[in-house]
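Note that the chains take the letters A, B, C and D in the order they are written out, and that residue 1 is the start of every chain.
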Amino acid sequence: MDLQLLIVIIVDGLIYSSYLFMVAVGLTVIFGVQKVLNVTHGSFFAFGAYLAATLIGVWYNAELPAFGGFLMIFLAAAFLGVVFGLVIERGLLRYLYHRDEHIVVLATFAAFLALEDVIILIWATDPYFAYQPMELLGWTDIAGLTFDNYNLSMVGVSMTIALIMWFTLTRTRFGKILLAVIFDREMSQSMGINVNKVFLVTFMIGAFLGALGGAYVAPTISVQPGIGVEVVVLAFAVVVIGGMGSIPGALIGALVVGISRAASVHLLPEVELFVIYAIMAVVLVLRPEGLFAPPQARKI
Amino acid sequence: MTFGIKRSGALFAAAALLAGTGLAQAQDKVKMAVPTFLTGAGAPAFGIPAKKGSELIVRGINEGTLPAPYNTPGFAGRMVDAIIYDEAGGGTKQVTELRNKVQKEKVDLVVGYISSGTCSAVTNVAEELKILTIETVCGTPRVFEELDKNPKYVFRTMNHATGNNVSAAHYIAKTRKGQVKGFVGLNQNYAWGQDSWRDFELAMRHLAPEAKPSSKQQFPKIFAGQYGAEISALLRGKEKLVHSSFWGGDLEALIGQGSARGLFHKKDFVLTVGETVAYRLGKKFPQGLMIGARGPYGMYAVDDPNPLNQWFQKEYRKAYGEPPAQPAYQYAQGILAAKYAYDTAAKKAGKFPTTDQVIEALEGATFPTFVGEVKMALSKGHQAVTDDLWGVTVWDEKRGETVLKDVIVFPASCIMPPEGVASIPWLEGGMKGAKC
Amino acid sequence: MARVLEVHDLEKSFGGVVAARDINVTIDEGETIGIIGANGAGKTTFVNMVTGYLRPSAGRIEFMGRSILGMAPRRITTLGLCRSFQVPQVFGSETVFENVMIAMGIAESRGPALLAPLFAPARAARAETHMARYQIADYRDVAADALPQGVRKLLDIAMATVRKPKLVMLDEPTSGISVEEKFGLMDIIMAALREEETTVLFIEHDMEIVERYVSRVLAFYQGEIICDAPPAEALEDPRVKEFVVGQELHRSTHGAEETGNA
Amino acid sequence: MTRFMDKTFWGLTIGLVVILVANFLLEDWLRFIGLQSMARGAVALGLLILWRAGLVSFGHALFFGWGAYAVALSQKIGITDALLGIIIGTIASGLLAFALGFLLRRYRAIFFALLNLAFSMILYGVLAKLEVLGSTDGIGVKQPSYFGITPEGANAHITLFCFTAIIVYIVALAVHRYLSSTLGAMTIAVRENEIRLEYLGYSAEKAIHVKYVFSGLLAGFGGAVMALAVGHVDPDSMVYWPNSGDFVFITILSGTGNVAATFIGALAFELIRTFAFDYAPQIWQLLMGGTLLVIVMFLPNGLWSLTEHLGKRRKSAPSPAE
């Protein structure tokens, strides 16, 4: 394999891994803390993309300063994080924690179905384009190929998210509280931790990350109905591979899938579709709890 | 029915028509189910334009405002009640829906279907239910070549997808003779993408034998949305020609991500259904691409002077503020076929026709459409053939629209297999019997 | 008297912590053995090892002359060595009757017989007898979660003995039971087990109960057996006095109750 | 529960007679909905077995699709008999469940649910790729023959309906009997206390494995019936993950109180979907999701609990003396 190809594979792989990480990290955060496979994650992504595309459109139509488009992306995600935290966590899941955990998943599935149509009610079926931020950043030549800087910037954003997460979990009080809640919900409650509040905040963070994934990707795609369904599957696969509920797992899972996929596209494109499933199958058989399974308080 | 005006229903209907109200008694209506994607990824590129085209043409038919020869109101004088519903949810669900529409809502006919998957699932059920079904957009040749070899109730009023890929190969052979050394495919990994590539590659083998297919065909997952690695691979590859049957959001994403990386300057693209997104992307749609519309529809019809076509262009733009793309035409054409069949059968029968009479009228018929005519020439008169057109995109500043240049028309007899020959054997055998 | 259980040089360590070492015990048919020892002395670890819940790091375990080392609990159970738990392990949402029926059904069926109806009249009759023996018949239709602690303990033991095991190990049968009720409870248990001719070993903190019911005492201290003798002798042993009884007295003054997991 | 001919037996028997008679009177579209309800109800019945053991699978479309494809493929090698096809579909899924069970029996709770989902996604990916199996377009399934006779037109579904109803009746009784058997009672044991189950002398993992195979058989049966009823199999409407969601939806809608409930729940599900689709073509998912949320929030034990509210309920503690 020549060096140029290797570099291209790594760059492509890193970009795709970053995309996967952004898509998956919110899912794994919520799963890790609340033990809820949050199917509405797909809706967060879709809403993030729609809202960002809308705001970006408004921003540039008003001919406001060009880089403000990026502000819109984060604004959209933050707004949705808060709204979904309140609506889905406080308005729905809160009433279901005492129930069977499967019921909670099913409730998020139901909410996901409903939200798919809410998108159509709000934004109709026409696609939205928000290409301006992507145009703005221009391109770079790497190893003789042109790459657009916007996609490259995704690597930076993902790394920043990962770093902030790592810092929060290991270096802050909130992180310690989170770890306690993850390890043993009841125990931490009896230690005086307000688990309800932790759940709400976590959910908002997870929703923010899900929406940010959609919002940041929006300028590179055509935002239209159905984008959420695909994302649930993809995020789920990454999270399964990495270990459900583990943030390093999501990172590693995204890297493994991203690089393998890029390699297969360049070397053996026939198997591209299988890459993610093949990795998932192998991981499931050899290490069903994923590459990085978070610690579990086992009660017997 | 409860008002005691049942006895002279037809007269009443005619009166209502004259009054322009479109009112008629329920039993004097033709109930037409129109499945199209209202939700999901298929909606924006195909489903919604198809819905708009259907609504427009049905309104025109009911009001009797279409140009000749479709200028009589209704189907054989009866108002058309179009029930537009969602095609999303997969084959099983659509079979259920078809049964509901036929058995519960008692529709008289079905016009529609975009996805080849849906057509594969519903075709035999439609035969079983004995419901006149005019498939409009779905492209797989398997419908009549494999699943329903002796069709009675099912028709398809446009070319199947093979024709489109064959004409694409013809266009390349004609316009780039000897220039194409190699070509590569970028198609979604599902039946449509796989079939499109297979047809194109087989056609190229005979029409441009000097061009060699790459050993690395890209088949990304449908709705993947991220094509960075594929774009890199295309850019690295030495093949200059790229064939893609991408559509909808995937195509728009590809164009967005590819444009930012100069993909469309460096490579020649053949986008078999590129027309479906060209209007929506406006100036963002790259110039110099070969795009297909699977027949004389949409962008290929835009300047045709045929009054019916001009009516459609004008009314569509008026109603929806955008030009009609191919699905709008294709659904409208399916509905026109129904009107043609009902009207012809009624003339022959001297009264409102039975379904069998309508079928008889449509079988093997040739009827005028927006541009040229549709011949129900294949599969025992159930599979239509039309001319196909290919050209290269260019931005028309004056109109503020993408238009096509260097357009070449390929006659139906050149691009579709002859009667009784299935597509793949025909392609593999070197397209014998094609009259170009 | 036939030899029921033989344990040789049993050892268990978790990481670097030794939970049991040099454990050598033999139990003969008809014996009633009490295990005493402070918290963390290795009593439950011993029971867990013998009944297959924990795999010993070294040593031999023979039950009825056959090595059961490394066997899964269910295999050991089917061989006739059963146990109850400090925290009763019952099917909480089911009634006492259903609990006993399920236990009996599993004990009595193998292979295709598992597909026969559980609530067969003959089995129901046996279950009624069994419940009567443990004096829990009054609670027949009460869900196990709603039972008073003593009754739940009895149910747990009743479920452990549906197989009429050769040897039953009871992990603190009287823990969580008020002092006034303890003797009544033990009377019921011992009477029932005698009727079933089951050899019994139980873990106990209350020395009065030990004195009254057992024929032999095993005293544990820091993972070792420091005394193996009849109760009168054992309770006078200075080391037992220092490391076990003393601790127990200390413990009871605090009134603390051991809770935890099996 | 002590006798074989209990209320459930009579209920199912009367139900069978009623729907067999109704079969000849029903409108075609309702009959088709009935057929689908039986197919999906069978899958939900499999999920009920797991549910009672405290396990939920979010991937049973795997076995549903597997059974359906088995029928379609068996037709390709010339097996057109309905009974044979259904048996092949059922067994094929049972075998798959048996194989996967060795892995899945080690997992509980949400991990069990999600591993199932993961496996169903793998099958989906493979099917969507395989052009020999029609890729996403799927493959057609012909009207089956019944012991050498192939009914035509409307009779085809009337026959299939009778046929399926009778099998479903037998299967439902079998499951009912299974649930009241010792092995079936272990569903509760697994859910409530695996330790006790081990110390009663039975392996919890083995009990789960058995249940998993049963649920796989039932899902395969449902898939086989669906394939014959629809006349077509494809990955999107058989294997894709929302299908698995639908099955769990039906289970919740039905409640896990009784084997008959799953079929009533499946029928309710199909009817709700049909009418939502008719009356709100662009927001039918909103109505489905909304219904599910209402059930989850306000009727946690499903439709069946409505019947139990009417009847008496046992198991209340007389005096918690704690």
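The rule we apply is simple: a residue touches a chain if its C-beta (ideal position, glycine included) is under 8 Å from a C-beta of that chain, and two chains touch if they have at least 3 such contacts.
Keep in mind that this is a model prediction, so the values were computed, not measured.
Participant: Along touching chains only, what is the step distance from chain B to chain C?
Facilitator: 2
Participant: Strictly by the touch rule at the top, which chains does chain A share as contacts with chain B?
Facilitator: Where chain A and chain B share a partner, that partner set is D.
Participant: Where the centre means the average of the CA atoms, what chain is farthest from chain D?
Facilitator: It is C.
Participant: Distance-wise, how many Å sit between the C-alpha centres of chain C and chain D, to the nearest whole number?
Facilitator: Here chain C and chain D have centroids separated by 43 Å.
Participant: Using CA atom averages as chain centres, what separation in Å is found between chain B and chain D?
Facilitator: Taking the average C-alpha coordinate of chain B and of chain D, the gap between them is 38 Å.
Participant: How many angstrom lie between the centres of chain A and chain D, each centre taken as the mean Cα position?
Facilitator: 33
Participant: Distance from the CA centroid of chain A to that of chain C, rounded to the nearest Å?
Facilitator: 51
Participant: By residue number and range, which residues of chain D touch two or more other chains?
Facilitator: Residues 128-129, 195, 282, 284-285 of chain D each touch two or more of the other chains.
Participant: Can you tell me which residues of chain A touch two or more of the remaining chains?
Facilitator: Where chain A meets two or more other chains at a single residue, that happens at 116-117, 120, 229, 273, 300.
Participant: Which parts of chain C, given as residue numbers and ranges, touch two or more other chains?
Facilitator: 262, in rising order.
Participant: Across the complex, what residues on chain D touch chain C?
Facilitator: Checking each residue of chain D against chain C gives 1-2, 4, 177-178, 180-186, 188-189, 192-193, 195-203, 314-318, 320-322.
Participant: Which residues of chain B touch chain D in the complex?
Facilitator: 38-39, 84-86, 89-97, 99-100, 102-105, 116-117, 120-121, 124-125, 128, 140, 142, 146-147, 189-192, 194, 222
Participant: Hey, which residues of chain A end up touching chain D in the complex?
Facilitator: That would be residues 35, 37, 39, 92, 95-96, 99-103, 105-107, 109-118, 120-121, 229, 232-233, 236-237, 240, 244, 273-274, 276-277, 280-281, 284-285, 288-289, 300 of chain A.
Participant: For chain A, which residues are in contact with chain B within the complex?
Facilitator: 5, 8-9, 11-13, 15-16, 19, 116-117, 120, 125-127, 129, 131, 134-135, 139, 145-148, 150-151, 217, 219-222, 224-227, 229-230, 261-262, 265-266, 268-270, 272-273
Participant: Write out the stretch or stretches of chain D touching chain B in their complex.
Facilitator: Against chain B, the touching part of chain D is residues 27-30, 32-33, 36, 128-129, 131, 134-138, 140, 143, 153, 156, 226, 230-234, 236-238, 240, 270, 274, 277-278, 281-282, 284-285.
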